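One structure coming up, written as structure tokens, with questions to follow.
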Amino acid sequence: MKLKNGAEYMESLRKINPLIYYKGKKIEDVTRHPATAPHVRSAAMTYALAADEKHRDLATATSHLTGRTISRFTHVHQNIEDLLKKIKLFRILGQKTGSCYQRCVGFDGINAVYSVAYEIDQKHATDYFERLKTWLIKIQDENLMVVGAMTDPKGDRSKSPADQPDPDQYVHVVERRADGIVIRGAKLHMTGAVNSHEILVMPTTALNEASKDFAISFAIAVDTPGITMIFGRQTGDDRRDNLERIDVGKPTFAAVGGEAVIVFEDVFVPTQRIFMDGEAEFASQLVYRFAAHHRSNYGACKTGLMDVLTGAVSYLTQIQGTAGASHVKDKITEMIHLNETLYSSSIACAAEGWPTPSGAYMVDTMLANVCKQNVTRFHFEVARLALDLAGGFIATMPSQYDLESEDVGHLVKKYFSGVEGIPTEHRIKIARLIEAMTGGTALVESMHGAGSPQAQRVMILREGKLDQKIKLAKSLLGISDK
Amino acid sequence: MKLKNGAEYMESLRKINPLIYYKGKKIEDVTRHPATAPHVRSAAMTYALAADEKHRDLATATSHLTGRTISRFTHVHQNIEDLLKKIKLFRILGQKTGSCYQRCVGFDGINAVYSVAYEIDQKHATDYFERLKTWLIKIQDENLMVVGAMTDPKGDRSKSPADQPDPDQYVHVVERRADGIVIRGAKLHMTGAVNSHEILVMPTTALNEASKDFAISFAIAVDTPGITMIFGRQTGDDRRDNLERIDVGKPTFAAVGGEAVIVFEDVFVPTQRIFMDGEAEFASQLVYRFAAHHRSNYGACKTGLMDVLTGAVSYLTQIQGTAGASHVKDKITEMIHLNETLYSSSIACAAEGWPTPSGAYMVDTMLANVCKQNVTRFHFEVARLALDLAGGFIATMPSQYDLESEDVGHLVKKYFSGVEGIPTEHRIKIARLIEAMTGGTALVESMHGAGSPQAQRVMILREGKLDQKIKLAKSLLGISDK
Amino acid sequence: MKLKNGAEYMESLRKINPLIYYKGKKIEDVTRHPATAPHVRSAAMTYALAADEKHRDLATATSHLTGRTISRFTHVHQNIEDLLKKIKLFRILGQKTGSCYQRCVGFDGINAVYSVAYEIDQKHATDYFERLKTWLIKIQDENLMVVGAMTDPKGDRSKSPADQPDPDQYVHVVERRADGIVIRGAKLHMTGAVNSHEILVMPTTALNEASKDFAISFAIAVDTPGITMIFGRQTGDDRRDNLERIDVGKPTFAAVGGEAVIVFEDVFVPTQRIFMDGEAEFASQLVYRFAAHHRSNYGACKTGLMDVLTGAVSYLTQIQGTAGASHVKDKITEMIHLNETLYSSSIACAAEGWPTPSGAYMVDTMLANVCKQNVTRFHFEVARLALDLAGGFIATMPSQYDLESEDVGHLVKKYFSGVEGIPTEHRIKIARLIEAMTGGTALVESMHGAGSPQAQRVMILREGKLDQKIKLAKSLLGISDK
Amino acid sequence: MKLKNGAEYMESLRKINPLIYYKGKKIEDVTRHPATAPHVRSAAMTYALAADEKHRDLATATSHLTGRTISRFTHVHQNIEDLLKKIKLFRILGQKTGSCYQRCVGFDGINAVYSVAYEIDQKHATDYFERLKTWLIKIQDENLMVVGAMTDPKGDRSKSPADQPDPDQYVHVVERRADGIVIRGAKLHMTGAVNSHEILVMPTTALNEASKDFAISFAIAVDTPGITMIFGRQTGDDRRDNLERIDVGKPTFAAVGGEAVIVFEDVFVPTQRIFMDGEAEFASQLVYRFAAHHRSNYGACKTGLMDVLTGAVSYLTQIQGTAGASHVKDKITEMIHLNETLYSSSIACAAEGWPTPSGAYMVDTMLANVCKQNVTRFHFEVARLALDLAGGFIATMPSQYDLESEDVGHLVKKYFSGVEGIPTEHRIKIARLIEAMTGGTALVESMHGAGSPQAQRVMILREGKLDQKIKLAKSLLGISDK
């Protein structure tokens, strides 16, 4: 691993030059700009844990390609134990950042493209798998961060890619050259994009023959000419821009992963970096493998976040003198219960893993959908319970400027105090942390990341094996099944 | 009514001089400061509707004290029809502001103090009721805005007012003079305080004889010497401070009502403005009447807000081409269903109203608690459904600056477009509106305004008449009831 | 009112001869057969309350047709107060029977047909309204019980009435004669049919011109030739057949209303009893008015039932020594809360009532759908909470025969006892009552009575005025509405 | 394994003579009595699968004591794979019986007592572990069915065992002899007791030194003198007693496991069969290990049941012509989703298993509580959805006697038909199956089996590691943790 820790990761980011806009202006250094630095720090934690004796077993792996020690985030799962370690690592990262560390997107992308590239080759005698392995060894050896890029803008959602009035609503090939292809389009919601080294593009939906030009997967560096990123707003981002320490909630890390639009304006991709080109019949499989891996993560990383939130609320009730009330204990119990239910699903996805023909291990896809579906519900409920226990002052507290004001600071300290002996500032800090973790971007990410709720429901029904279930019922009733 | 419309109301605010801090600095003119102006505009809508032919019947009333036409917000309910009109007015105000118009707090305070002052006089031969009526006629004639002030800081919640290490955690009398009393303490979360004319103080909890100095109710002008207000932060307030039009979500109105801490540092209150002083045994009744009125409102005003939210989501699905999907229609149905369930409760509270000895009408208190309890749940669920249908871009959209940027504005317009013919700007505006209405302050207000969820549960059990219900069961089983 | 009390009602039933089958055999006397007698007793309560000084104001009304005092169940609502009294009466009846008293179906049918017959006449110059009034005066004067008959068998639900392979799946006219019509088909789930005097038939769905023969409404006596009823099974009916007193749960009354299939095999209906014949365009209005009235009832009668259930559970926790546990109190609070939420909706439906052209008052239809929709959810949740608090023994208790056995009765008494001083028999009786009220038929009735859940959702969306809501959102954003 | 299949199991039951009462009379042959035979058949399935090539890998294991092939139900888990196989076996058994196969109770009892007996010996130098192994080898070799007996009557639940007015409310030692002890008391809700060979008694709660006589664990044959069983009623049991084939719902198997009270009236237990006697400090550990194993099962067996229910509902919607409706598909999706969520938890409990000092593997106890807690909620919701889709006729259908009646059978067949080509009888059978699986006993068992909901919540909070979670929050805020 070339990049050995968080500092080296940050240093590496300063050496590349992606074109990034935020609030109408260019961001020159993502590691120092107040809007992006907290996200960089979260991603840096994935590097830091690999360098930490205590977490190394989870945070690293042995490459099946080279035998060398690599970051787990660049590994292809070789067995169920790998899948389980991923889940445990993700919960710890969630606990340590209280945020999104972004790097799972590329991780899942690598695993999905790896297994599908192998299968395309088997059918079409192409050499995608070799290309991918060559690229992957570089990623592993240099320990690069990859953003997995899937979601297209989609324009009019009632129309398919080929039927859009504007074909650029889905990333597609606009020109084929001897040495590569030219790409146009955009990818939305690209978590970690502004602080990644490489982009791994995948199609966003099942495709038919008429949509061959949309069936494209490739990898390129983030500062390839023609690429523009626009970094999205998040709830409370202005507090961060203004460098308010307490009022941002999480001073070091961000609400969740920073997302960007990645626009491809006639970007050239050399042949060696192309892993799918026109094999439309494999698009749905690629989408689904990525989605399943990604969905199975949410019961781990979000559980880590909600561990933090549960701790924050628990401490706040101690400060306020309500920790002993039975309804308080019951609501904290419910927070834990919902959280561990999510964790169960992630563990089960891994424990029921299975090998693809390439040897890469997949999670149980039914359970992955179930896991993510529950996240879209339980994170809101956990947030609701947290806000219930926190109390109304979380939405009416004066700002840090008032807390530090010579005129009114003493009044804020007096009238926002709790039980004797704990500084008012603790109460305010904890409340701002809860505020940051229970609304806006943080919840929307749980809702839509790795696919919107309805996407999971479609798959749950599809994989529900209703025919077999009908047979079970008929069998109990002695109804012959013909 | 001296103040005849919104403009006159705003003008009147410029003539008074309350001491208000926000982010460490004084606010000189609440009608123009970006943090407070949107709240002023919401409150102004209560004045505007009274001047609007279409809404005058709901927005005004005939004073039972003077026979003159007054704002309904200064009226004492004389019958069930008054209670019903209040509910209908509140839903319209919610629809027109998408926000909190704040003035119901003083309205409910007036009604609560009115009926209790009468009953104290009956028992103790005091003259609070006359004092209150004198003050109220002034409020009605001048059409002043009153902030009802109930919630004390409470400090260590495991201790009663008299047991707090710092007695100032509950507003109390520190000195009694021939012509009045001197007050110390604070009230938190005071909705509309910074743009009110008068403060109507009430105790915050049931009190016993040992806590007589906390059993105090009075009214004074907001700019009385010794009063300091500190205006609280809200989610997304910085966007407003920076005058971003689109990104604030609701350009004209605020997320919800602006809340302030009101600090009383040895404030003198003249005898004529005192409506309770030491009659501790009436404190719980006063608290409860205020709370019941206030809780019954939430199924009306929040319904108005959620009408807006439902419309916003519905339009967004049209823009995105998803309006016809069955799961979309089902979720919008659910939003309407939950919303109308809340409205049912508010209507029922009013329809089951009853006269107090003073003649003032109270709402059904059981149903008022039930109403508010449901608001604490359903607003979150409606928000969750809205965010589900809106899609993930709501949390990753570029800022208004990018939309308007010469460099990347065309990319934002291209890649955030929806169905043909509707400007991308509509999509973004609607999304920002939904963002503003579904997280942070907006939801916390629904949770804790008019009392936290547990407060309602305590009352629901207390008023649940379990003894009578046990008799019903025994009766069906022929078990004698002795 | 000819029939003045429950005894006279029962006596009247013995004088008519409907053809009723149950478990393959004829029922000769519904007032004494163990399967039907409990239902008769519930319906008799509607007669008894009219004779009870304490409840007469609610249980009777003054006929707007004759000026005579009549049972409220035969009344046409003349104002909002009538609607509110109905709701209050229904809750009391639910409390007193813990069951379905059945008679609201005919009551709602009368009100629906009354208003629609008037409107048909206005359009088509028919005389249905006069015919109806003539029949209704008889019903009022004799105080007869009417079963409102709406639900057809429907056969293949993916096909409309006219497209069914078997046309008899919807009640229809098979022959037209000079003096009347001949009818074939069936009505399912006919609550109270076996102990009613008259059947009031209505169509079950919106119809088009091609389905004129299905657009039929009429009234006839239950013992008209050609009518056969088959009485349906209910959960636990065998315990009743075996005359086990304790184990049935409610010894006097039944689980819910007893339902029957009413089959019409070429039944002749004289012209004077026909209130709609072929005016297909009015079918949906008739269905909807009936449904709205009926749906608005459920928040009243079921609330009465759940008052009983809440009392039963509350008493059981006292017997078991758990009444003081905080989770027990919280769950009972939730039962009350959900119950009163339902009651709110029923009250609101009435309070927002409005006059039809005929003068008959309708409930608010949106709120009626909302009310019923909540019943389909909350009754299950209340039952779940009740079973949680009751404890597992409710499903494993020995029978009454064991309780009374010389061999093992002493063991049952010893090992099913609770706190000292309360007989074990109380605990067992209460547990059997809870068992009877929380599973099977009792819950299914709440789910599907007055229309299945999806039927309400369709109407909630249809009446949701999305266009107006979209305007509200646009207006807040300054988006012009063209 | 002496007993090689279901037939041999049944034959073995006919050779023993337990004293069993049901409805006041003795049951002579549980394999043939209509009340118990369906339960015997379910338990027999555990024997049958061991003889079935297809399921042998899951249904059998290799004894770590003897190296011989044994029924998995008599096995002590030696690793995570054993735990996972148990879960998979249980889902299949649930699918094949649609019921409770009862034998997991003794299975979990064996595993709990095994690990605790070892630990008692380590501390007290007793020889319980050897005694247990001797007994267990007999159980394994003869393949006997064991009922794990834990739940005491408890009397006044506000009092501890030693404080009960009647000491017999908890099983206890009444006499100590040279060769054994004499036992008095009872165990309630004993699933499978009437068709087991042996009873394995355990204490029911944590105990202190004052309650040493209650800290008792032992095994004896079901027909030991002094033991009396009283078999409990279940919902719909009379239909079974009357041998109605269709109306019972599941003709071959029962609603859930048949439960009995086991009364011990001064029963002598020889020393060699005692596995704990007075070591009160180990009682809570024994209870908790049993409970954790047992709770982890519910996400497997109930999932199997709900697979059947989902299939039944799915088939019914096909028969009724509603299978294509979007709300139908959505509700079936939800049923699957909830079901697979439960399964996730069971899988996760096993995947996170860990070895006790004895070598026996335990499940993850936090996740076991979470699993069972969800079962207490989701089974009700799945039932509610099933009843929604089934339609109201499920509660109003005529009986089998009517279906077969010469008088009205043709009417039932005509008016309860669905789409063409599927016999009406299928519709009725499926509906009766759904009825049997969605109310009464079936749901109560999911609620209270393996501990009532509150029992899990207490443990979830206790194992929630709030201190660690508070540290996570403090760490993110830079609050030092002293």
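Worth a mention:
Which chain is which? They are A, B, C and D, in the order written, and residues in each are numbered from 1.
FYI, a contact is a pair of C-beta atoms (placed from the backbone, for glycine too) under 8 Å apart; a residue touches a chain by one contact, two chains touch by 3 or more.
Because the structure is predicted, anything quoted here is derived from the model rather than measured.
Ranked by separation of Cα centres from subunit D, the top chain is B.
The interface holding more C-beta pairs in contact, when A-D is weighed against B-D, is A-D. Work out the mean CA point of subunit A and of subunit D, and you get 40 Å between them.
Separation between the centroids of subunit B and subunit D, computed from CA atoms only, is 52 Å.
In subunit C, 327, 330, 457 are the positions where the chain touches two or more neighbouring chains simultaneously. Residue ranges of subunit C in contact with subunit B, taken from their complex: 84, 95-98, 250-253, 307-312, 314-315, 318, 329-330, 332-333, 336-337, 340-341, 343-345, 347-352, 366-367, 370-371, 373-374, 426, 429-430, 433, 457, 460-461, 464, 466, 468-479. Those residues of subunit B whose C-beta lies close enough to touch subunit A in the complex are 21-25, 151, 153, 155-159, 165-166, 168-169, 186, 188-189, 228, 230-236, 238-239, 241-242, 247, 256, 259-261, 263, 320-322, 324-325, 327, 376-377, 380, 384, 387-388, 391-399, 401-402, 404-405, 407-408, 411-412, 414-420, 435, 438-441, 443-445, 447-449, 452-454, 457. Against subunit D, the residues of subunit B that register as touching in their complex are 326-327, 330.
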